[in-house]
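Next up: the structures, one after another.
Look for chain A in each of the two complexes below; its partner is chain B in the first and chain C in the second.
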Partner chain A sequence: MSMADVAAGKTGTRWRSRAGDRRSTRTLRLRTSVALLALTVLAVLLVPPLVRLDQQAVDLAAKLQAPTWAHPFGTDDVGRDLLLRCVYGLRVSLLVGVAAALTATVVGTAVGAAAGALGGWVDRSVMRVVDALSSVPHLLMGIFIVAMFRPGVWPVVASVALTHWLSTARIVRAEVLSLRARPHIDAAVSGGASRWRVTVRHLLPGVLPQAALAAVLMVPHAMWHESALSFLGLGLPTHTASLGNLVQEARGSLLAGHWWPTLFPGLFIIVPTLAVAGLAGAWRERINPRRRSELML
Partner chain B sequence: MTGTARRLPWGAMARLAGRRALFALPVVLVVTFGVFAIAAASPFDPVKAYAGTAALGADQETLDRLRENLGVDQSFVVRWWHWLTSAVTGDLGHSSVLRQPVTQVIGERLVWSALLCAVAFAVAVTLGTLLGVLAARRPGSVLDRAVTSLAYTLEAAPVFWIALLAVWLFALQWDVLPAGGLTDTASERVTPGQVAGHIVLPAGVLAVSQLPWFTLYVRQGVGDALAEDPVRGARARGLRESTVLGKHALRSGLLPVLTLIGSRVPELITGALLVESVFSWPGIAAATVEAATAVDFPLLAALTTLATAAVLAGNLLADLLYGLFDPRVKLSEM
Partner chain C sequence: MLELRSITAGYDRKVPVFRDVSLSVAPGQAVGLLGPSGCGKSTLARVAALLHRPDSGTLLLDGTPVRRWRHRAPRDRRTAVGVVFQQARLSADPRLTLADLVAEPLRATGRREEAAGRVAELAGAVGLTTDLLTRRPHEVSDGQLQRACLARALVLRPRWLVCDEMTAMLDASTTAALVRVVEDYRAATGAGLLAVGHDRVLLDRWCDRTVEWASLVPPAATTS
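Right, the complex of A and B next:
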């Protein structure tokens, strides 16, 4: 084999095959993420109306059974089927997560767009307040809000939303500032468009993709937040079984040596989180391939 | 760095700390103001909370007198200012649920929380750097993929869930470590040996929850550095792999990680809060949960302010490290 062969042929194929490898792993990851996410959404949407099983059905004769074919996730300390409980719990957690993420995105986009579009001292003072509030750990602020408004669905949504809009506000403001420097904005301003019109018609549509990505990424985060609050006994009321409540309720069984009531609700938090991270990673890779390896969590 | 120890620029560091403290003051003002505003907007009534069931039978006059004594007849801005001025003199109010001054509650518990966080953080930084460097050396290898997927999975896992599974495995199945607390229940005194045995599991879990982030960032930083020209040049000159890695790749690759260490304080506090509550660790977390359940406003307000101060201190630490280790940055210009 000549040197030319080595240089052109061998190393060439090696490089190609590696790149091909990477592409196929990437596609595989994307497909897995989409499949898992689709499965999650389908389970949450279809199981409760279609499956005629009562998640609260108590069967003391079948309590604390390890996973079997009849109960793939086992049963809890009063004999309720854990697979069904987990699906219902995921439904609650996902709804809370989506509601909180939407609220946070609306608030964050409004504040960020206002700061970016108005500029000057409004921008400076608003962003100082955003900086200040970002210095409080989210969970602690969330605990404070829930404590003051007593546990319940809406206080939990509010507590997650009120601690998470800050990052969206920053992203949207930065995007508005970069958009303001573009020619079509200058054209609109010199054409006599009002500040309101420029903001609503030209700036907001430009920031929506970024805000939407932030909202999607926030959903798993909000779910995590809700489950942490519920786990501490400060989240949703126990009769609204969320994934966090399930883990909390399982503590007694765990100390008696039964691992399954704890394991499965946790997996139900991990899987959607990984799926969303994989999806967002693929999306970001497509719009900006050079920042391929950027962390996505 | 080589041979003679470099002298630390104490003056510049102190000046930077001073400037940051000036910036921290408005932050604390805004945060505490927000805390008082939220409390004022909530349906929570301090008088009823203070009096408890006795408020049900009490007449309006007694309640009004109580309201006046507690100072809650004034607007929240006045109460906020009053709280701030007494906080400066070291009086943070009285915790109604623990029946102690707030400063005493914090003083007794802070040391245990700080110990737990410090041990966990040290383990997470060491192990995370090690795993990250190992993964970065051969991108796409089996080891790299294993480390990366494990890191992503652990990052997605709720820390309290990891903690519970760890209790099940290590304390119940294998019975090698205690399931919680600071000492054995039979033990009367707190001895270093007891604490050392009891801290392994909570600190380990907290470290595992912080680990993925460090691993992924180190992997990225070192991986990028390994692809840069100076490293390629060093390889081309035939330098040993250990020299290339140690003197070229690690120095530039670990820098971004070093500067971000301080910004991990919020996650560390959040993780510690949940880990402490699983392991009944007698730290700040137990007090926070108790305070939240009983709506103990003075304690909650103090703890929120304390956490904010810790986050700001973390940011300062990040800036200091950045200025010390990156020769391109001058402390006086930050």
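Right, the complex of A and C next:
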């Protein structure tokens, strides 16, 4: 073993022991996030087909029961089992979250890449439109969009997606601009590549990790928006169990001291979103280790 | 003939990097351009390769002035000038294997079917083994990557070659090998060469004519 190896070994171990603590918290966070997310997905996918219980079954004799073994989350004001309602609600909320995040990312990536790749006045005018749209509060614009349609899942998806592609467009444009100045793009241009080919083959693949990360981070955000819209009574129709609807319905009984109909749907909003955010944070740390990640929402 | 006529170029219209620079490269001729760091050699090389629109002045390819630059330039004019950049690491798309890197211009210009044969031929010429061709840029050395970048510049058989400090980061034997490849190509095709660098010994031995950057810049225009 040469001197250099010894020195390298020494600094190596010292670095490990110092960074070890941080790494173990990070691993713990990652594992918790993955476990919670797996649990959520399993519950959402497996419970409805396996458990043949009717989430809409009304039992007025058992209304507003506190959590018991028969009803682990208690029952609501018409005696429906809250655990079942929560799982169904999460199902809808996740669907809205994922669909809205995907749509927002596709739209945002397309607009951002077009602005960045074309540059010049196209870039300037597109980005001014983006600035103008982002100056309107998201919720206000979202309310405006849902108000134009009949209540349902897809108007809510559209409302969330159409208000949330702006940040992705900005991220993608910035990345494209920084990639565009690199010599390998010059080399591609000099090799006869068309603007389309440069964008699709050389610029977009470089932006994809950032865009995918933005998409994942968008999922919890979209779920919150769905809940907010439903809570305001503007989102999904009231008979559909969504987490926002559940909290909204439970509002009245909270004042009477019944805590469970608000607490459990509330937890169902918070836990999966934290899990997704934790996972995205770990991922971001991987692709960009120099930036220490706090929980990003 | 590749002629740069009183070119003024830079990245800010108010503060051009250089003014009124003229230089020409005849077919088959090798011109070396010597200059200190930061004087604008690379910018001039980018202008010559149709990659940077000058603020004023004309670039003539075979007597026809170039009016459109970068993507807007007609494909056959853009590809008439091959470029090798100084930093191989930055001028290679990190996602492509070396074989794809070399074949990329053929694919981009719709000559996909020639790719396999041409890549094998050029790999032999620049000294890349089949094993290296399957690797990605981060898995090879700077010298190996620069060989691939030179192969990429030659793959469309350009009539001019612009080597912007092609060998600045390489060792003597790789430098010699790359210069040999360029010279073999020029001997075979009669292509012109603009070699930009700061190594006088190399450029004097490599090129038919070596010009100093200072002699290109009109004395009145030197601002600093």
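Quick notes
Please note the rule applied: the second predicted complex is superposed on the first by the 274 of 297 C-alpha atoms of A that agree within 3 Å, B and C clash if a C-alpha of one lies under 4 Å from a C-alpha of the other, contacts with A are read in each partner's own complex, and residues count from 1 in each chain.
Just so it is clear, a residue touches a chain if its C-beta (ideal position, glycine included) is under 8 Å from a C-beta of that chain, and two chains touch if they have at least 3 such contacts.
Keep in mind that what you see is a predicted model, and the values were worked out from it rather than measured.
For the composite obtained by superposing both complexes on chain A, the positions of chain B and chain C are free of clash and fit together.
In the overlay built on the shared chain, the residue A:124 is in contact with neither chain B nor chain C.
Contacts of A:224 after superposition: chain B is touched, whereas chain C is not reached. Taking chain B and chain C in turn and counting the residues of chain A each one touches, the greater count comes from B.
After overlaying the two complexes on the shared chain, residue contacts for A:192 are found with chain C alone; chain B is out of touch. Contacts of A:205 after superposition on the shared chain: chain C is touched, whereas chain B is not.
Of the two partner chains placed around the shared chain by superposition, chain B is the only one that A:234 touches, whereas chain C remains out of contact. Remark: least CA distance from chain B to chain C after fitting both complexes onto chain A is 20 Å. By the touch criterion stated above, chain B contacts chain A in their complex at residues 26-27, 30-31, 34-35, 38-39, 42-44, 140, 152-153, 155-158, 160-161, 164-165, 167-168, 172-173, 179, 212-213, 216-217, 220, 223-224, 265-267, 269-270, 273-274, 277, 288-289, 291-293, 295, 297, 300, 303-304, 307-308, 311-312, 315. Residues 18, 21-22, 128-129, 131-133, 135-141, 143-150, 220, 224, 227-228, 231-234, 244, 247, 250-251, 254-255, 257, 259, 262-263, 265-266, 269-270, 273-274, 277, 293, 295, 297 of chain A are the ones that touch chain B when the two sit in their complex.
Those residues of chain C whose C-beta lies close enough to touch chain A in the complex are 46, 49-51, 70-71, 75, 78-79, 81-83, 85, 87, 90-95, 104-105, 108-109, 149, 152-153, 155-156.
Listing the residues of chain A that touch chain C in their complex gives 182-184, 186-195, 197-198, 202, 205-206.
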